[in-house]
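Chain naming follows the written order as A, B and C, and within any one chain the residues start at number 1.
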Amino acid sequence: MSAPAISIRNLTKVFPIPFKRESVVAVKELSLEVESGQVYGLLGPNGSGKSTTMKIVLGLVAPSSGSTEIFGRDSRRVESREDVGFLPENPYFYKYLTGTETLDFYGKLCGLGGKKRRERTRELLSLVGLENAADRRIGGYSKGMLQRIGLAQALVQEPRLLVLDEPTAGVDPAGSREIRDLILDFKMRGITVLLCSHLLGQVQEICDRVGILHRGVLVREGRLEELISIGNQTELILENASPDVLAEVEQVIARGHGRVVEKRKPQTTLERYFLKVTGGEE
Amino acid sequence: MWRTRLIAMAVLALFGAGKMRFEQQLADEHRAAFFHTAKLDLSLRQQLGQMGFLAALSGFRAVLADILWLQAHAAWERTEWGRMKLLFDTVTALQPRAMFFWDMAAWHMAWNASVAAREDKTQPREALRIKAQREYFKVGEDFLLRGIQNNPDRPLLYDALGRLYRDKFNDHAKSAEAYEKAASFPEAPEYDRRFAAYEMAQVPGREREAYNRLTEFYRMGEKERLPTLLRLLRELEVKLNVPPAQRIPKVESPH
Amino acid sequence: MNAPTAHRAFSPGRIWAIASNTLLELVRLKVFYFMLLFALLIIGSSLFMVNFTFQQQFQVLKDVSLGAMSIFTWLLAVLATAMLLPNDIEDRTLYTILAKPVPRLEYILGKLLGVLLLLAVAITLMTAVFCIVLYAREQMVLAETARVEAPSDELAAALANVKASTFNANLIPGILIIYLKAAVCAALTLLISTFASSSIFTIIVSVVVYFIGHLQPIAREYWLAALPGGADPSPFLKVLLGLVALVFPDFQLFNLVDDIVVGNAVPLAMFLKTAGLGLGYISIYTLVAYLFFANKEL
């Protein structure tokens, strides 16, 4: 059996406050595993320890105690980064580089050779839909384009794990939808994704599993549908059902000792409606 | 973090302990090659002020000296001799290896300031005017002597000193000595040797030595037979009673 | 998917990628063009020293040019280096770089190398302008001298004299040492910026160290030898002087041009030792910078 994509064991991180005796506990005794191939949502309000956990996984911050591993390799070792791509929150890249040059730069950092790097750059630009902006300076990119070039740079060395920090923060709905689709596409390709977000609607749409952090403690963790399904209720959505049919259905339900809790017209989400009228929906 | 700081300090301290001696040795080596010979001391700090002194210390010694030199030049145009001397003192303290500064400072004092003092219309008593003139000769001499102290490896200031003793002090013995010292450097101009012999010819008691040297020049060929050489040789031939057969041939002077 | 591969512990390719990118980043900051322009102006302005003898003209031209080179390379070293880490942290590009398999030592080396390249470009440009100005002035003076009526051998001597007071080969080691001094300041600034809270703090500390470094030989000589005249400094003063000598570099040792312009020669052994000292400082400062950076929480 292969090692989990991310394994966090008894992780605690304490930040001392300079010139004071107190300290802040950002993460406390956190243990969790992200299985290979999953899209895992790490949720929590600001200051709940999501970012710290992510930075520890990426080796940017050292744990106070406990350990984290990426595919079985300790996060504190540089090699563990070979298998992970990271998109920070609100990333900026070097403004004076074009999209192509940016990917080329990150490709060099990953030790990709010249020919392979050029191929990979082209491939990624088309994957994230930036072929037309490939030779434009990043300084002129929109928020959504920045996010997409960020995803491309995270993928440059073909990592098996992606860590995304608020990938849709500040992106308009169409862009947000595109990024969501990209993440689903990565999942299809077998890439594990750790998604940190407080946009719950989005997490609900794409995550297989979620963990909820609150004040540095993992308060809930599990498969998404198990966490949020209401055990003894069922939702029926009917089309072209006449009032007679509905009355009959209700009778059947009553006969089986069931109860209709609510009857309403289903609504589309505002997001879907927005995308429909602005032509963003396919 | 504290561990890192401790290790960092330990590394720096270890390196510091090692480099300190090395730096001292290297500084000595630099000084032996006549680098950093400027004496940046308290008196210089008073003259330069805090900012100027800081500039001099942090690598702008040469530029500062140039600026003060330009000021001295302006003072010359206004014939402020006292101010010039002060500025020359500072300039040469800042750039003791600039031969040019020593040379020019001495020349301004001994040749220009001295003449101005001799012809000072505000001083009716001639004795005092002559005294002032002599004092400026001494100031010029003093610049050259201090310059030589800082540049013992170069002929130029010895040459200037020879000229000063010859033209202003009329001291042929000292002049000969200075010219001779200048001539002892391989890169010295050839006239230093000649001038040393010329001056020696006028020092009582060194006539024979001077005669031998001048004859040597004479034998080197037509090019060396300059009017002064011929005149001095003939004078010495008379003084030393050189037998007529050994004397140089009488030639009609071109004029 | 990628199979885990053996990671190369040290990769010149990665360092070069970071270095060349850093150079590009610095070259794009327009403020440095102004500084170069300013340097060029100063070098050009020393052309207008026409009322003086040619020795004076050349000496002033050289003093001003080399002085400007010293201060500009130093300023460039301090200002450019001070903002490298803060910029990368602020833009979060540092996260994306270090989230790649890039050892932190390579990041530090790449950044430093980028600054050193920038300084090399800057000093090469300034030297080129300096040489062109000096050569042009030399040609003008030579032409004037050649017009004077004089016997041919005297004229030849005068012309040789003019040539001797313009460019002299000892200026080359002098300029190299100017570069090295700026490089030491760059490494020092990088070290400070690994623990500083802001780039202003970095710049201030670096400038203070620069000035104290020029006073260091005074402290060192008092520490190594007792005060002249046998008077002993107070124990407190003695410890203070010792600390200054221990911690601060002797920047006076890197000021050679002032004396080279007025004719000092630089013996090869002395040059090599001075350069070696500079490289020693750069290495040790980089090492300590790495120590701090390796343990830095980002």
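Operating definition for what follows: a contact is a pair of C-beta atoms (placed from the backbone, for glycine too) under 8 Å apart; a residue touches a chain by one contact, two chains touch by 3 or more.
Model, not experiment: these values are computed from the prediction.
Trainee: Using the mean of all protein Cα atoms as the middle point, what chain has its own Cα mean nearest that point?
Mentor: C
Trainee: Averaging each chain's C-alpha atoms to get its centre, pick out the one most distant from chain A.
Mentor: Computed centres place B farthest from chain A.
Trainee: Taking each chain's centre as the mean position of its Cα atoms, how many Å separate chain B from chain C?
Mentor: Result: the chain centres lie 34 Å from each other.
Trainee: Approximately how many whole Å separate the CA-defined centres of chain A and chain C?
Mentor: 47
Trainee: Rounded to the nearest whole Å, what is the centre-to-centre distance of chain A and chain B, using the mean of the C-alpha atoms as each centre?
Mentor: So the centre of chain A lies 81 Å away from the centre of chain B.
Trainee: Listing for chain C: what residues touch at least two other chains?
Mentor: 295
Trainee: List the residues on chain B that touch chain C in their complex, please.
Mentor: Within the complex, chain B touches chain C at residues 1, 3-4, 7-8, 11-13, 15-17, 19-24, 26-27, 29-30, 33-37, 54, 57-63, 65-66, 69, 73, 95, 97-100, 154.
Trainee: For chain A, which residues count as touching chain C in their complex?
Mentor: Its residues touching chain C are 15, 55, 58-62, 71, 73, 78-79, 81-94, 96-97, 105-106, 108-111, 150, 153-154, 157-160, 163, 190.
Trainee: Using the touch definition up top, name the residues of chain C that touch chain B in the complex.
Mentor: Touch residues, chain C against chain B: 52, 55-56, 59-60, 63-64, 66-67, 70-71, 210-211, 214-215, 217, 220-221, 223-224, 245-247, 249-253, 255-259, 261-267, 269-270, 273-274, 277, 280-281, 284, 287-288, 291-292, 294-295.
Trainee: Spell out the residues on chain C that touch chain A in their complex, using ranges where they run on.
Mentor: Per the stated touch rule, the residues are 1-2, 4-5, 7-8, 11, 13-14, 16-18, 21, 24-25, 28, 91-93, 95-103, 295, 297-298.
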